[in-house]
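Same chain, two partners: subunit A is paired with subunit B first, then with subunit C.
Moving on, here comes the complex of A and B:
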């Protein structure tokens, strides 16, 4: 049973390969690269957060600078309490697997998530279970994203390594997998490896 | 064919030339208005003369040139506001209905800031909602559409405001804000039972509910008019300047037109000169016949306010005007709202944003109605005129 406390938002846009979720709380998005999941009655779908945005809920109303006479940022929000209701944080996640029954499958689910499906940030045990195999990496490394893929891959591995029993060993194994996947693209491999060392 | 702007360029130019030519004269009239306001030392005499005037002008409660600085804000306070939009009955369609979208905004400031922004759309299609009928009478019922729908909307906005106000905690200091005027002007053109339904049992009943809430909390009520065009105070100056004891413009003996010395000046021009930023003017009593006849304890007072951006008119019911605490609360909170809202009360501006029904919303609403009719296999005739507007041809 997924805990209510890990529920972070709701799907507002979905396709076969990715979904966009709106966060329940402003700025309370799962971090870049984290493993999230959404569920309907048939399956649980897993995704990796690749982009987070915060903007006005209405495209025609842009935020304006307000803090000229305020001592700190928090004062801006407390002096204009409506701001938290007029802004929203959304995140996009690329689908990297799903669960069918008890079995984890590292390929796209047959159906995209439904609009308004709840989205949960996966907790430690679930991240450990999902990252036992690196079969999700090919989908992530090969994804066409509007953000640098190397950043997302590295962020994902850093996140997962924190839950691993031996983070260093986890990253070394992941690095080996990447070396196979990106054997003919040294620059991308180097970019990712350079970003996971900080783990 | 779209508007051919090239054909009106010349006329716009001529209009501006006339405007420029009148600038000096308007400035002189404004100066005269300022002097007249300062010179009214005998308030009692002026008020008596105003009472004898043949047409309603502002009745000053105190010296015309009084001005009050912005009172201090309470530490914790709340502002509530409502606004509304509607989709009117479309006589070119087979289904007779209208839609009201009433917004509500609550902004709490201080130790525990909070915001609630909401809107409640509702479709009115029941026979009893599409007309207002006299109690027990037949035949004189009035269709709720056009101007009457606008008045009904104002009533619904006030009802929602009273509901919001009722939820405020005991001991709180709050301001309930409406956009525009507190006077439902349009009622005079309808039979008396309309006034009874919409004003006595509607709008004024809501104001009474809000007033009663003052038992255990401080709750002021005001309406805010941005960039007002009114001349009620200038008209009072005209009365002051009139050489006749009982001013009546329709029967003015030719010759003496002293009152023309302030012609063309608006109240906002006068108070722009009399008030410093943050200050409010003297209190005035509105004199419209609908107010005198029906408003009772909610008799409408008003004052002008100099915000950082403009001169605004704030209307308040008598029970706010006569309670110094509520009057000061109104003054300070309206100024504060304007400062937070870049020149316009932020609660009203958010209430507007929540209520607004765009052209696209209107089209989507009628498309929904039409699709539902088709789904239910109900006949869906529409007028030839509406068809012709939707299918344009050459």
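Moving on, here comes the complex of A and C:
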């Protein structure tokens, strides 16, 4: 399956429920809500990107504004080529499933990914396969995240719908799952539906 | 229709007495449901059959109703359908099919339990309906189709005529058409003969229709070999070009005190006047009517009669009504009863039309008088047959309209019709009562009716009267009140395995006549064969 994914970075921090990966290229993070996976020889673990950060590689040292005399942003980077080396892009993903043999399991793997595991952004076929069932939604919807969960869920479904044969059907079906999950929280449901409607 | 399409939802709660709640899936549209339709519920061991009796909407979160998505937001509405918002069906379970092999052979059984939680509910398929209502055969007669289906709902006619039955519905809903259809069925499949008191001249020769056909054929036009038309009004029959078989005259001397008792209201008689009738009849014998009319003064009354002047006047005024009815003569040499019996014995159905004499006095008098005497004959012949172990007379069904006039609580005990209704088929005679005001009929009589076929009723009391004693009555009430205003009926009772709403079979087009098998040669052959079978 790995051929179908494109490698984007490496795990630099991991726990049972999520991991943080550093991107190989500055700003080349998989977009918010996308399906990513880590793979080592034991396991493939799937996560949904919920947060992306770009910051200085040295903790405590913040970049300073440099563009006062430049015509545009690109000039800043071309005039200070070292900049790209001083900054890094990282993303956090919440774990939503793993593969056991050939079988997809929509629950947490027994062990978190190892540091330096490669991280891939899942491609069309794999997204399609993974989103054939919506059993990952409860974990996602129920997660405690430092970002608004509704945004993450909506972004995730929007992306998945693009790979579906009938995007509208896909979103309606997903919406129905959400309606059941959020049966007693109509406001949250509305917030998500409002963000996927345009599809 | 694919199986998938028929899927409706799942059972979520309920009870045997109150019915079952079914939660509709999002894919099943509430708007496509209709009360009166059938569903099947797949339980673990058996399949349940039930009727949709109510449809409602629910929400999981009250906030949905408080801040609903804007009407333009079809997406949210679509997502919510079946999840946050859902339709519920109220289903009255009626029959079960299956279980062990024994149960399969026995066929559908009355329900004794409910399906488990989450049992799958589907619209009943054509095949399901056929399993329950069976196809047409030698006993089963096609009366109509269930809502939105083409399956034929059939009545078991030999079973039907074992008891008295009723056809109800407010005016213009299709009682007459239904009756005509049912009479044809009985004529073809029940081995019973009919005697129809045809108040409005609709059954025998030709009837009218509000539809484009204008006129519809009566029984004799369709089945000349097995129907005879008797008339009380030769002139009217001639004018309508009816081929009549017999002109009925009734002598005053055939009128008995019970007939007058029944006419108390229509003749405007006092209770005392009715009592006087019995005295007079004892005194004068068979000629009491003529003799009473001839008395000029209360003083002339023979000794021993204690009748007040005003009572006599009241009675005479009442009896004078008879003089306006030309079919009544002081004495008639023809024995009508005998003639009717001759026809019935030959397996020929008799329709007695009233011509212009459509007022209720004539109808009550004639129907009661003739039925009583025919019944007496049936009784003695049945008793004789039992004693001698010979063949009893052919089962007879007497059809009367405006049944509440004969069967209201005040008179039901006095009339022959009350007797027939109550004693079931003791002497091989049963009734087919037609009425638009069933609440006027005595409760006990209503409870004796084996099968009730009711078109739309909108009076609460009438609805209650028709459904009294039926299980699931509250649920059926909403079904009954929602029938179409024409040509739809709810049938329940002995002749059907469970209550069913039908669109009554079409009557009046050339094709319909053909479907009814109005084939002269055939009917003749069959009648002949029936007679041979019966009389050896």
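To be clear about the criterion, the second predicted complex is superposed on the first by the 195 of 199 C-alpha atoms of A that agree within 3 Å, B and C clash if a C-alpha of one lies under 4 Å from a C-alpha of the other, contacts with A are read in each partner's own complex, and residues count from 1 in each chain.
Operating definition for what follows: a contact is a pair of C-beta atoms (placed from the backbone, for glycine too) under 8 Å apart; a residue touches a chain by one contact, two chains touch by 3 or more.
None of the values given here were measured: they were computed from a predicted structure.
**Q** With subunit A superposed, do subunit B and subunit C clash or fit?
**A** fit
**Q** Looking at the overlay, what does A:146 touch: subunit B (first), subunit C (second), both, or neither?
**A** Neither partner.
**Q** Between subunit C and subunit B, which one touches more residues of subunit A when both complexes sit on the common chain A?
**A** Between subunit B and subunit C, the winner on subunit A residue contacts is C.
**Q** Quick check for you: in the superposed arrangement, does A:172 touch first (subunit B), second (subunit C), both or neither?
**A** A:172 sits against subunit C, while subunit B stays out of touch.
**Q** Write the angle, vertex at the C-alpha centre of subunit A, between the C-alpha centres of subunit B and subunit C, to the nearest 10 degrees.
**A** 170
**Q** After lining up the shared chain so the two structures overlap, which partner does A:61 touch, if you call subunit B first and subunit C second: first, second, both or neither?
**A** A:61: touches subunit B, not subunit C.
**Q** Go through the superposed model and pick first if A:84 touches only subunit B, second if only subunit C, both, or neither.
**A** Only subunit B; A:84 stays clear of subunit C.
**Q** Minimum C-alpha distance between subunit B and subunit C after superposition, to be given in whole Å.
**A** 50
**Q** With the touch criterion stated at the top, can you tell me which subunit A residues are shared between the subunit B interface and the subunit C interface?
**A** None.
**Q** Per the contact definition, I'd like the list of subunit C residues that touch subunit A in the complex.
**A** 26, 60-61, 63-64, 67, 69, 73, 75-76, 78-80, 82-84
**Q** Can you list the residues on subunit B that touch subunit A in the complex?
**A** That would be residues 105, 107-109, 113-117, 340, 342, 346, 350, 353 of subunit B.
**Q** For the complex, which residues does subunit A have touching subunit C?
**A** Listed in rising order, the residues of subunit A that touch subunit C are 171-172, 175-176, 178-180, 183-187, 189-190, 193-194, 197.
**Q** Which stretch or stretches of subunit A touch subunit B in the complex?
**A** The contact residues of subunit A facing subunit B are 58, 61, 64, 77-86.
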